[in-house]
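In the part that follows, the structures are each spelled out as structure tokens.
Look for chain A in each of the two complexes below; its partner is chain B in the first and chain C in the second.
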Partner chain A sequence: MSATFDRRRIPAPEHSTPPIYEPLPSSSENEAGPSRRTDRGPLESRPIFLKTGLISQANGSGYIESGGVKIACSVYGPRPKPPPYSPQGSLNLEVKFAPFASDPRRAPLRDTEPLPLSALLTQSLLPTIHLHLYPKSSIDIYLVVLESDALSNVLSAGLTVASAAVADAGIDMYGLGVGGVLMDKSSVDGGVGVGVEEDGLLLDPSKDEETRAKGMIVVGSMPALGKVTNLFLTGEVDVDQAVDMIDKAISASKETHTILAQALVEGAEERGIGPVPAA
Partner chain B sequence: MAATASMSSSVQPEASTSSGATSAAAAATVFQRLHPSQYLSRFLAQGYRPDGRKVRSWREVSVNVGSISTAHGSSLVRMGDTTMVCGIKAEIAEPSASTPNEGFVVPNIDLPALSSSRFKPGPPGDEAQTYSNWLNDLVVSSRTLPLSSLIIAPGKAAWVIYIDVVCINYDGNAFDAAVLAVMTALKNARLPRATYDDDSGRTICSRTERFPLQLGRIPLSCSYGIFESTHLLPDPTSFETRLLPTTLTIALDESDHACLIRQEGLGGVLGASGERVIGEAWGMAEERAKELRELLED
Partner chain C sequence: MASSSTQILLPGQPLPSSLTAPPVPQLGSGVYEYGGKILASVIGIPKREGAIVSVIGREESGNTPDVGSVVTRLSPLQAHVTLTTSNNRPLPESSEEFVGVIRIGDVRLTERDKVKMGECFRLGDLVKANVLSLGDARSYYLSTAANELGVVYATSESGNPLVPVSYQEMEDEQTGKRERRKVAKPEGI
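This part shows the complex of A and B:
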């Protein structure tokens, strides 16, 4: 314990636990029954709010609210990189959670989740950027998660907001990367979905839904080019269904792509850069 | 000389793309980068600051409360371009043996690499550590959150209030914005009613009953910089901060009593006694704190 004593922050008591709530009255649990989405269709995603250019200090920035996720992202660069010489630009991406961003609280230093998340996001974003145009430079992308629900949603919203910020910074890209999440709940709920949701697939799952998922897939894609940049599948899904899930996630990503493109145009107009005249 | 040439050539593409008006703006940018302090002093000579406000005025402030659902209380403050988010999280811990009747308050300010190119990723830097300490002094010494009010069962269980401030956009004067964010978030916070069960030794929280925190004095901070020992500049931006060797911070509570006064750097205003400078700053702080307090009430 004392080995990891943190002198750079105001010390907290060595041990503290998040509040434990009294159990729910058992009757209400029964009444609720197996939960099903009531607010939207199974293949409908939650509304997305996306805005670019809010962080004035950065070369490019974006802010996204998607379901229970709020992420701010800023891009610094391309900025000169110290030697050794590199023929390609390098991409550094760091995800950070605000301590209050999730339940329970994420204590700084004890939080191990951001690292793999940063690696995954880097992989999703890497194919979208023309790094060969930026020799001897680095592009630094920082994401701060202010509120989060499901981790898959953080990943997909993170990719969307990061490519918005990169585009806002005026960095050349092949296409805009967009994230999509799809989960399969078919057998876990004991066939609840039968009738209403024929194949038991859910787009953009909430945290409750994610915990009951049988399998889940996060797809990073460039809808404008029809290309997939990264796939992240967890759980147990057979091949045919996985392909079906990818297809559905990609077609859902097209809608997000429209929102992203719209946000970029609005951001450019606010900055006083008019629409590009048709050649 | 060589530096000048490379600097202006790097700005050149922007200038060459458009007409006279924008190239004049580009020339101003070059001047600002090469001779920042002359740039600032020319503005001040005209009675204005580079961001368009009068020399003795403050930036506009807006507050948005309760937008983060994962926190017990939260607030977003924008002071000009400076943006701060504060989230309050409450956890339960055993009170320390020396103070069995007190809970804990743990305030921290984070200035992540996201917020400005001057910060590096990794553990908190000097500036963030300094501000965290100031905030701790302010909250603890002014008894904003009386520790005795956080007790659930003496010696057994008490609340730990984690106050975390994250800077999203750093355009100077982070401390004032952080203090306002903390105070609005504390006002916004609602904790579940907790009871300690002697038999099981556990603390159980109610799902329905919530209560606000008992707040004592609510200090608000006002910061200044002194430029070239001549100008007292309230609410400095990120660009100005670098040119201000002396900074002054005054925090006042609702009855205009001081909770914290900090001066950093040697120097004052030429031809004015320290007493007069402090008095002037204090007077301006009283007015500013009154304005900010209105935001706190809504």
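This part shows the complex of A and C:
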């Protein structure tokens, strides 16, 4: 018997019974969680945790938690770019999802979602960087999504954390880019979400709220300069309402900008950029 | 008249008015002008030295002149170097390195035609140079054609540090042997 034992297989017992779980106390609809809207109003933004300088190998890095989204971002560069010569710096941005980032699990390599997301994020981030100061160089940005819920939230949190990491790397920027999401809730299903009123607009929608969206806008902006870097609109919205949504998203971005600025100043002080003694 | 502030600025934040007071200053590194205002472009401390305002951040990119570098490869016509510092600040660490080339014509200011590469640089020398241009696709073109540019630190054949004795000679203090280099004029002399 022992001579024919196969070491490479796990010998399963001949009989087995599945484990019995106690039923969960409440249905998932009213359950509290980081990605759900429990105690915040329709135009109140999510709490955000942001920290820079956590990845020591990178030239600059940032980590963000916003609702059900966790993203780690690292920036390498400016590093010399192989030929051909380019008078401007080039920006390479790559979004990767961890296999455990979403439910159901993602198959690595065959995942096609990161590609359009990377392109969108690149577009949102490009106007914030002084690329003309970096000829013959490239700036490489890698975002690893550790946990994700709604795509719009990944996009807006991704922009916020990427500009934090770029600033942390000491790369010249026009201003800090932050993302904001505003959703127009469909009036057809008659208000399923919690505490929804005020012309059906929702800031920072959660995943189950997003499924009821009639239209949605992700705005990338530089609040310090009052400029918009990118607009991503899905669904169907009136022009007037779209303008209103953009305005509301931008004013929400200002709050995010405050958090971002605070995190960057704290990170800079930790790295030793602080009050210098008079020379 | 150097003055600085203790407040950390972030990209897009205007410089304090005490630093941008008339006469309107020139822009140094880490700042840019937008809508008539001077804004910071990196995280750092603003500083005004004479007529130039700048924001001093953590690191700087290597595409600016005045570079310290290490010789990695020598050929009769040019010396290949890797750039390590720029404007007295280290270049960002990365797996690839910025490379530069000192062509034989750019080694010395005078008697350019008599320059022999082997009598100016050796492998492993630490060289201070100016960036002439962005160069070709691969490397920056550097120049040591000035008195204060050239070899800053070198070791002799027996491995001891060399001390400059003249503008084209360095001496090993332990063996007394002299070797030829394109020596940088030491600072403060």
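Criterion: the second predicted complex is superposed on the first by the 228 of 279 C-alpha atoms of A that agree within 3 Å, B and C clash if a C-alpha of one lies under 4 Å from a C-alpha of the other, contacts with A are read in each partner's own complex, and residues count from 1 in each chain.
Here, a residue touches a chain if its C-beta (ideal position, glycine included) is under 8 Å from a C-beta of that chain, and two chains touch if they have at least 3 such contacts.
Just so it is clear, the structure is predicted and the values come from calculations on it, not from any experiment.
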item: Touching partner for A:Lys96 - first (chain B), second (chain C), both, neither; value: first
item: Touched partner set for A:Met173, first chain B, second chain C, both or neither; value: second
item: Partner chain in contact with A:Val265 - chain B first, chain C second, else both or neither; value: second
item: Partner chain in contact with A:Thr112 - chain B first, chain C second, else both or neither; value: neither
item: First, second, both or neither for A:Val144, with chain B first and chain C second; value: first
item: First, second, both or neither for A:Tyr76, with chain B first and chain C second; value: both
item: Contacts on chain A seen with chain B and repeated with chain C across the two complexes; value: 76, 79
item: Complex contact set, residues of chain A against chain B; value: 6, 8-13, 15-22, 24, 54-58, 68, 70, 72-74, 76, 79, 94, 96, 98-105, 108, 140, 142-144, 146-148
item: Of chain B, residues touching chain A in the complex; value: 67-71, 74, 81, 83, 85, 87-94, 96, 104, 106-108, 110, 112-117, 121, 123-124, 128-129, 132-133, 136, 160, 162, 164, 166, 168-171, 192, 194, 202-207, 238
item: Of chain C, residues touching chain A in the complex; value: 2, 4, 6, 8, 10-13, 30, 32, 34, 39, 41-45, 56-63, 92-99, 134, 136-138, 140
item: Interfacial residue positions of chain A with respect to chain C in the complex; value: 59, 76-80, 82-85, 128, 130, 133-137, 167-176, 222, 224-225, 261, 264-265, 268-269, 271, 273-276, 278-279
